[in-house]
Structures are given as C-alpha cells and as structure tokens.
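Below: a set of structures, written as structure tokens.
Two complexes, one shared chain (chain A), two partners (chain B, chain C).
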Partner chain A sequence: MRSYWARRAAGAVLVLLLVIAANFFLFRIMPGDAVSSIVDPRFSPEAKERMRELFGLDLPLHSQFFIYVRRMLTFDFGLSFLSQRPVWDEIRSRIPNTIALLGSALLLSSVIGTWLGVHAARKRGGFVEKLVLISGSVSFSFPSFFVQLVLLLLFAYTFPVFPLRGTVSIPMPQGTLNLVLDYIMHMVLPAGSLVLLGFGSWAIYVRNLMVKTLGKDFILLARAKGLSEERILWNHAFRSALPPVLTIFLLALPGIVSGAVITETVFSLHGVGKFLLDSILGHDYPAAGAAFYILGLLTIFSNLVADAAYSIADPRIRVGRRAER
Partner chain B sequence: MKSMPRWSFAAFLFILAAGLFGPLLFANGPQSTVAKPFAPPAWMGGEAPPPLSASLSPEQPSLSIDWKWTAPENISIRGTVLFDDSPANASLVWKTPDGKTFILGSFSGSGEWSVDIDARDVAFKTDLGVAPFQSALGLLFPSQGNIRISIEGTSPSSGSLDVTVPGGKWGLLGTDQRGRDVLSLFIAGIRVSLLVGIAATLLASLLGLSIGLASGYLGGVIDSLIMRAVDVLLSIPVLPILMVIVGIWGKGLWQLILILGLFSWMGTARTVRSLALTLRETGYVENLRSIGASPFYILYRHLLPEVLPVLLATISLGVPGAILAEAGLSFLGLSDPRVISWGRMLHEAHGFGAFTAGAWWLILPPGLGISIICLVFLDMGRAIEEMADPRLLKGGRR
Partner chain C sequence: MISIRNLSITYETSARSVPAVRDVSLNIPAGKITAIVGESGGGKSSLVYGVLRLLPPEASLSGSILYGGLDVVSASDARVRDFRWEKAALVTQGAMNSLTPVISVGKQIAEVLEVRMGMKRREAADRVGELLEMTGLPAGIARRYPHELSGGQKQRVVIAMAMACSPDFILADEPTSALDVITQAEVIRTLAGMVREKGMGLLLVTHDLPLAASICDRLAVMHRGQIVETGSPRDILDFPSHPHTRALLSAYKVLGGGLS
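The block that comes next holds the complex of A and B.
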C-alpha cells in the first residue's frame, strides 16, 4: 500500500510540475516579455533594464523557473493586466462555482450512469440497454455547447423556468435559504446539461464491464448457491467490477473539466473556465496562466481522490499486494 | 470478413460531395447580405415580404410592384444603361400608391448612365429631403398598394438596372444577424469541419503510429518513458491547453490543425503499441529477426501493413474528437473570424442575439450538422473495425 501511494503521489507531483512548466514556457514563447507589455517605448534602456531586474528577467532561465514554481505553489500570480488587481483575488471567488459545477456533474453522471449501466447489463436487449446505447452515441457525437444552447433556448427563453445566465440573481435574494435556492436554480441547467451529456458514455463502459463480469464462473457459482438476483448483481458482480469502473472516472475527468470551461461560457457562470477564456481573449497572460494552473490543480486533486477510492475498492491494494492496472 | 454496406459510407460520400461542390450552388458566396437580419425561413410563412428582385431594361422601362406589407429594410437600384440618342435626358421616377412622385436620379448627356442607389445612403436621403438619421423607406413605401418605378424621358437602347428589395424571410434556413443566407453558411461550414477533422486526425495518426510502433517494438526504457508520457497527457484536460496555445500562437486554420494533431495522438499510440507488442512475439517476426532483418525493415515492411486496417478504424473513430474540438474552440471565439465554420456560427448565434430574436434556425442546423458528421465517422469507424478485427490477425487467417 505504501508503494502504491508513493507511486500515485509521485505521479501527481510530476503532472503538477509539467503543468507549471507548460505554463512557464507557453507564456514565454509569445513575442516580448512581461516587461515589454507594461513599459512605455519612451523609457530609457537603463530604466527598461531596471524593470527587467525588478521582475527577475535578468536571471538565468532555470532560476527564473524555480522562482516561478515557488510563486505558483504559493498562489502568487501577480497583477492582472486588465483589472490591475492581484489575479488571486479575482480567481478565488470563482473556484467554488467551478468546484460545485464539476462536483455535481461528476457525482450525478457517475451515479446515474452506473445504475443504468448495471441494469442494461442485467437485461440484454431491454429498454434500458437501448437507452444506454443511444445516450452513449449522443454523448460521443453531440457537441456540449449545442445541447446547452438548445436547453437554454427551450428552458430559459421559450419557457422561462430557469435563469438565463450567471450564478446569482440581481438583485440578490434575501435570506440564506433563498440564496441557496437561487444558486441551485442557476446551477440546474449547467450541471444538468453536463450530466445529460456525460452519463451515456459512463453507462456504456459500465455495461460492457458488467456484461463481461456476469459471464464469469463465480457468478454461475453464486447462482448455483441460490442467491437472489439483486444480491448477485450488486454484491458479487458489481463489487468485482468496481475498481475498473473507478478508472473510468480517471479517463472521464479531463473531458469533464474541458466541458466545464465551455459550460461556464454558455451560461456565463462566474467560474474559472470563463475567467480563462476572458483572459485569453483579453491577452491578460498572468490571469490566463493562473486559471490554467487552477484547472490543472483541480484535475490533479480529483485524480488523487479517485485513486484513494480505487485503493479502497480494490482489496489487492488494501492488503498491500502489487496492484495491477 | 464482412462486406456489408453500411449507411455511413454512403452518408460520408454525400457529405464529402456536399463539402466539395455544395458552395458552387450559391452564386453570391456565403458572405453576402441577402435579406434583413434574422429573417425567418421562407417556408415558415408569416407576414413578411419575400425578397424581390426585378430589372428595368429597354424592353421593360417600367416596373409595377404590388406591395402588401410595411416598409422594407432597404431597397437598392444598381446597374448601367446606354443611350443611343444624343443628347439624352432621362430620369428614374418612383410613384407611390398614394400618388406622390419622387425622382430618384436623373441623367443628361450622352452615352452611359450608371446608377448606384442604396436607400440607406445619406446623400440619397438628403436628395429626397429626409434627415440623415431617418429612414427614407417610409417615404418610398407609405402604404400598401401599387408602386411604379420607371425610366422616363429618352428611352435607353441597352443595359439594365436591377431593383432589389431584401425580403423579410429567406430561403430554406433564413438569415443570420448580418442578413447572410444560413443555408449557404451551413454548406460552407462542411468544408472546415471535414478539413480540420480529417487533416488533424491524419497528423495525429501518423504521430501515434510511429510512436506506438517504436514503443511497442523497441520496448524497454523507451517504451516505459513513452507510455508514462501518454498517461500524463491523457490525464490533463486538453481544451484549456488548446485555448492557451491558440490564444498565444494565433487563430489560423492550419495552426489549429497542427495543434489538434499534436494533442490527440495518444489513443492511437496506445492501440498501435499493444498490436505491435503482440506481433513482436509472433513466429514470423522472430524468424525475420533471426535471418538478420533490421528493426526498421521489420517495422516498415511487416508490422506496418498488419497495423494499417486497425489504423484506418482509429482514424475514422478519431475524426469526431477533432471536429468537436475545432467546433468547441470556434464556439469559444478562438478561431479565425474570416473562416466560416459551424462552431463559429454557433458562437455568433450565442453572442449576437439569436436568442432574443428567437432564431432557432441559427442554432439547430450547425449543431445538428456537427452531430451528424460525428455519428457518420463513428459508425464508419466501427464498421472498419469489424472488417479488420485484430483477432483475425492473431489466429485464423495465418
């Protein structure tokens, strides 16, 4: 178990370093450096040089990189070009919204997808299986923003059930309960659309895994023992298919983070993804770098959570044998 | 081997033909204005006037329009007529249903008379006695009834003047926020989706093929390094990276294809690697090695042909990913604004008030277009996969 965690943690640190390195080099290949975008062309060469010194741009590349890593790890992202405020102040209020969107979408689509997938595997050729196959094709081929635009057109314009945009109504509702309800109303369409698009592929994977598992000998043995179908399905078949199901989570995660960026744009949510887009379109490089970094961190963190769940679900890891993945 | 014809192959050929030749069906090109902004499709009916175009010529020196609607957005009269008589004196006369007469333009002299009238021109408005910020169309179309346009005076000998009134409804799919024909834009968008989808996937497959073959056949440290890299790349969300790179590097179409190709080879590499691993252990490869064949020769002459059918399937299955990524980036506004693509159409629909105009015809066609093209490639990929089942490679046939 120790070695498993050591490997996972090392992997996470490696990805984190890669994200930081990508950030560092991506934003350095653009023409000019951080100084040339703020100095006036009329500055004397000495003044420019002093500015470069101030920003540490006269140091060799590797020491610049170490300084950069330290700043990223302490969330010191510098000032935004657009608002002239610290980027961290801008981005901090957006993180909870992104986490709420990602979390609810992941949780709901995994629960619905797993449930449907298991039932599709139990009754081959039944209604549930057809539903799963169709929704799987839909989630592989329908662009998320298109589905979201149609939902927006239907449920916010034609039948105004849900709010059009943003995370809170203006003026803000009074009272904690009303605030929470208002927040939920704003989240139904964004999170719901992500679930609608996400559960299909999930259900297909689970169905395929379960079909394979249900054909194995130990299921035949459980049937021979006279156990109830429900018990065989969940306690025996699903229990043994659970670890690979959790690896689907790892595979699905990057796609869902990408989907969240688009979702936040469609619904104008006050989130990190929308911030990333606005910063890129406004050429606000410190802000774009920070948003990219935060999205990377969220992915890495969710990966670790999935790994933890995996280690609990797979007894081979719990008892310390070498995991085979 | 099954040789069952699948619907998707026919659909693919149809889409390919539409992408190649479809734009030729439209005389004006997709960027030209044909009707008022957000004009609904013509078949939806309603109280809007259809687009109108007619011409004044020597054979037909006067036109009569039966106008049954409120004033249109604009009217334009363009063209050249020639006079044989010299000197010629002619004028363009507009008669409204309530009997008023306006002289829209006049000519005296000899030879050629060029007319270029747009009712939104300030000079035209002041000639009619309308303030520059007011519309002249209320004067020209004061009420329902018969409107007469004619060339009075010397009659022209040749040439024609084209009168166009943009309609309040248009064609099969209406118009967008700039009054462009949505059907024409939609057909033009096929090209971009096909080009980006296929070119980016070909690039990715080429990369994935060479990396996967090298990784699987050579094994050892190279293999584990490459597979680690694949794991890492697969665990990072690609869209934010693409956004950052496009934002820094530029929004060109070829840059987009290159970037998409560079970030989607991982799946192919994995598939090819596992195939190469299996093939490496087969008897004939071992025999090849024992007679001294070089790794490059084995890879190129023996493993590559074995892998190709599978590769064709992964290409077809990979195209939807590239198409969706392109559409996503275009939707976010990170594409060349001069290139018409389905993602761009949705971006403009979202950003320029298609919702408040209730213009569903701006949202459904491009969205369904992307979905259908992706479904076609997915189904084709599955069909090819069935034909080139890797199990055939291992057992049976050999």
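The block that comes next holds the complex of A and C.
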C-alpha cells in the first residue's frame, strides 16, 4: 500500500517538474526577447543590459532554471506586466471561480451520466436507453462555444432568465444569502453548458460498461442468491464497473481544465482559464506562465484524488496487500 | 422433493428457436444426491438454471417445476426470489467469474445471511467463519478478494455460500470442471460430505460420468435435451441401455480411466 502511494506521489512530482520545465523553456523559445516586450525600444543597449541583469536574464540557463523552480514551488510568480500587481494575488482571487465551475460541472455530469447509463443498461431498448444513445451522440458532435453562445442567446438575451456575463451582479446584492443565490444564477449557464456537453458521453460509456458487466457470471450468482434487482445493479454490477469509470474520469480531467479557458471566456467569468487567455494575448509572460502552472497543478491534484478513489474501488490494484499474506 | 414435470426450455432468437430441454420429467428427492450426466450442449445447465428461473429473457419455459405448493415456472418474481437460495441454492463454476471481483468473499457470503436471514453484521461475520471452516478453508480467508484465491479455494467459497441459508437443495452446475483432477476430487468430496451431513438434496450436473457415479444415489443421462436413462449408478454402469450412455462410458474407458 505504502509503495503504491510512494510511486503515485513520485509520479505526480515528476509531472509537476515537467510542467515547470515546459513552462520555463516554452517562454524562452518564443520569438522576441523578454526584456524588449517590457521596455521601450528607444532604450539604450546599456539600459537593456541593466534590465537583463535586474531580471536575472544574464545568468546561465541552469541557474535561471533553478531560480524559476524555486519560485514556482513557493508560488512567487512576480508582478503581472499588465496590472503591475503580484500574479499570485490575481490568480488567487480567480481559483475559487474555476473550481466552482469545473467542480460542479464535473460532479453533475458524472452523477447524471452515471445514473442514466446504469438505468439504460438495466432496461435494454427502454426509454432511458434511447435517450442516452441519442443525447450521447448529439452532445458529442457540437463544439462547446457554439452550444454556449446559443444558450446565452436563448436564456440570457431572448428570455433573460440568467445573467449575461461575469460571476456577480453590479451593483452587488446585499446579504450573504442573496450573494450566494446571485453567484449560483451566474454559474447556471456556464456549468450547465458543460454538463449538457458532458453527460451524454458519460452515460453512453457507463451504459456500455454496465451492459458488459450485467452479462457476467457473478451477476447470475447474485440473482440466484435472491437479492433484489436494485442491490444486484448497484452493489454488484456498478461496483465492479466502477474502476474503469474512474479511469475515464481521470482521463477527462485535463480536457475539462482546458475547457475552462473557452467557457470562462464565453461567459466572461473571473477565472483562471480566462486569465490565461488574457495573459497570453497581452504578452503577460509571468501571468501566463503562472496560469499554466496552476492549471497543471489542478490537473495533477485531481489525478491523485482519482487515483485514491480508484484504489478504494478496485481491490485488485491494492498491490501492497499481497505482501501481507 | 423438487418435481420437474414435462419441462421444455426453448431459446427464441429472431432467426430461429433452439430447443435446449425437451419434455423432461425428473424428481429430485430430498436428502439424496441426484446426478445428471451428458455431453456439453445437451441441456443440462439449462435445466438447472430453469429450476431457479435464472434463464435469459429469450428462453421460454413450459411444463412445471413443483416444490411444495410452488410452481417455479408460473410463480410471481417475489415468490421465486424467496425460493432461491433459502430452498434451493446454486453452486456454479466458482473457479471462473462467479464471485464479484470487488467485494471480499466474506462479505459476499455475509450478504445472503444479512439480506435473506436478517442477521446482524457481527452475527453474520461469525457464521461466515464457520461456513468457510466447514468447507475446509481457514476463516481468515473471508477478508480476501476473489483474485487472491486459487480456483479450488474459490470453489469452496461458492460452496460455503450455498450452505449459508441451510437450503433443502443444492443445485450444482459443473462445480469442478475448471479445476485440476486432484482438486476436483477434494472439492466434490467436500460438497457431497456436507450435503449428506445436513441431509440436503443435491442435484449435480456434470459431464464427468465416473465422478458422478462415485457419489450419487441416482443417475440420469441427458442427451439432446432429453433424459434418456435413469437408475442407480451401479445399474447404469453395468447395464447401460441407451447408446449415448454407452458412448459416454466407452469414452472414459478409451481415455484409460477404468471404472471401478
């Protein structure tokens, strides 16, 4: 057990270092020189050189790299070129929004998708199965920004039920309850659009796994035991199908994180994804690097959580147990 | 006694209908071991699963399967569910995929005790230990998962599970065919011994005629969905009347077994 987690943790650290290294070199092979993007071209070469010294750009590459790693690990991202405020402060204020958006979208689409998938497999040829097969293939074939713009047009413009943009109304509503409600109203369309785009493929995947599992011998034995259908469905079939479901969850995470960039931009949400795009467009290298890093960190962390869930769900991968014999 | 009367089982597919069991009548007496032997695809397994009404939806049943006042063929789902396991428990090829891979074997046995017998968790756990020991396994194996057990151990777990509710009958479908010969003999001896000790009825389905003959009270030979011969094992081995029985016997003689 311990060796399993040691390996997972080592893997996570390695990925983190790779992300940092990629960030470091990516911004150094981009055209143009870091100094020229912040100083006036009319500066003298001496002034530019002083600037390079100031930023540590005159140091050998490996020293620069170690300084960079240390700063990343201590969340010291420097000042944003655009706002002149510490990048970490900018990002910190945006993380909760991104987590609220992605967390609720992921949770809802997996719960709805799983429930539909399980019930589709239970009654083959029934209404739920047809719904799952249709919605799965339809939701798969639309680009996210298109669906999101249509939703905005329908539910924020034609029928203005939900706010058009942002995470909070202006002026801000008074009282905690009103603030929370206002926040939820702002999140319905962005999170809802991700759910709409995501639950169908979940449902199809879970259905296919469940159809396969329900044909296994141990389901027959569970039925012979005189257990209720409900118990067979969830305790035996779904629990056995859970490990591969978690694998998909795990594989879907990076895609969902990159989806945040599009979704937050379409809905003008104050989140890390939109911050990333704004920073890149504004040549704000410290900010863009930090945003990449934070999104990478979020992905690595969620992968670890999914791994933990996987090892609880599937006794066969708790390899450490064998030694206890 | 479980009394099978004129039972036919047909698998209906969109293209054609395949008869698996044809007009079979058979009594499975309480407290005795009845064996059905025959070649693969002869309808033996369909018969066993038919008795518990566990056949896939494309199978249609006609005739009757009587136990007490219950006719399994026509009874409601709820009544059939009560019949399953408490009256007639199933022993499958445990060595294969009969156990749910993600639940410890102890919990899988305890589940029947809790759900069907209304036992509390502690009480059920103690009983699981006893049941496992009865089949010759250490009680500690309850914490293990199926993938951590050998084929023979899994088969014993499945037998322990079948004994859990002290049913009147055990229906065993090829309980040993995925095991090596030595383990086969051990497992079948355990099963027969437990059944005799508790006075349960056993319906043993196998293609292994010598194995069946060595433990059963009555032997039935099944061929192409029909029972072609029944009698005491001695009589059938000494005076086989149906050509299929003779074929089965000679197959074993050719393979060098020698029946004694």
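We adopt the following convention: the second predicted complex is superposed on the first by the 307 of 325 C-alpha atoms of A that agree within 3 Å, B and C clash if a C-alpha of one lies under 4 Å from a C-alpha of the other, contacts with A are read in each partner's own complex, and residues count from 1 in each chain.
By our rule, a contact is a pair of C-beta atoms (placed from the backbone, for glycine too) under 8 Å apart; a residue touches a chain by one contact, two chains touch by 3 or more.
Not measured: the values here are computed from a predicted model.
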Does the superposition put A:276 against chain B (first), chain C (second), both, or neither?
first
Can A:315 be said to touch chain B (first), chain C (second), both, or neither?
second
Does chain B (first) or chain C (second) touch A:253, or do both, or does neither?
first
Looking at A:18 after the superposition, I want to know if it touches chain B, chain C, both of them or none. Which is it: first, second, both, neither?
first
In this superposition, the partner of chain A with more touched residues, chain B or chain C, is B
A:217 contacts which: chain B (first), chain C (second), both, neither?
second
After the superposition on A, what does A:178 contact: first (chain B), second (chain C), both or neither?
neither
Under the stated touch criterion, which partner chain does A:149 make contact with: chain B (first), chain C (second), both, or neither?
first
Classify the contacts of A:3 with the two partner chains as first (chain B alone), second (chain C alone), both, or neither.
neither
Is A:83 contacted by the first partner chain B, the second partner chain C, both or neither?
neither
Considering each complex separately, which residues of chain A are in contact with chain B in the first and with chain C in the second?
none
Within their complex, state which residues of chain A touch chain C.
216-218, 220-228, 231, 235-236, 239-240, 242-243, 313-316, 321-322
Where on chain C does chain A make contact in their complex?
49, 52, 54, 81-86, 89-90, 92-93, 96-104, 111-112, 115-116, 145, 147-148, 158, 161
Of all residues in chain B, which touch chain A in the complex?
231-232, 234-241, 243-249, 320, 324, 327-328, 331-334, 343, 346, 349-350, 355-356, 358, 360, 363-364, 366-368, 370-371, 374-375, 378
Touching residues on chain A, where the partner in the complex is chain B
11, 14-15, 18-19, 22, 26-27, 29-30, 137-138, 140-147, 149-150, 152-153, 157-158, 250-251, 253-255, 257-258, 261-262, 265-266, 273, 276-277, 280-281, 283, 285, 288-289, 291-292, 295-296, 299, 303
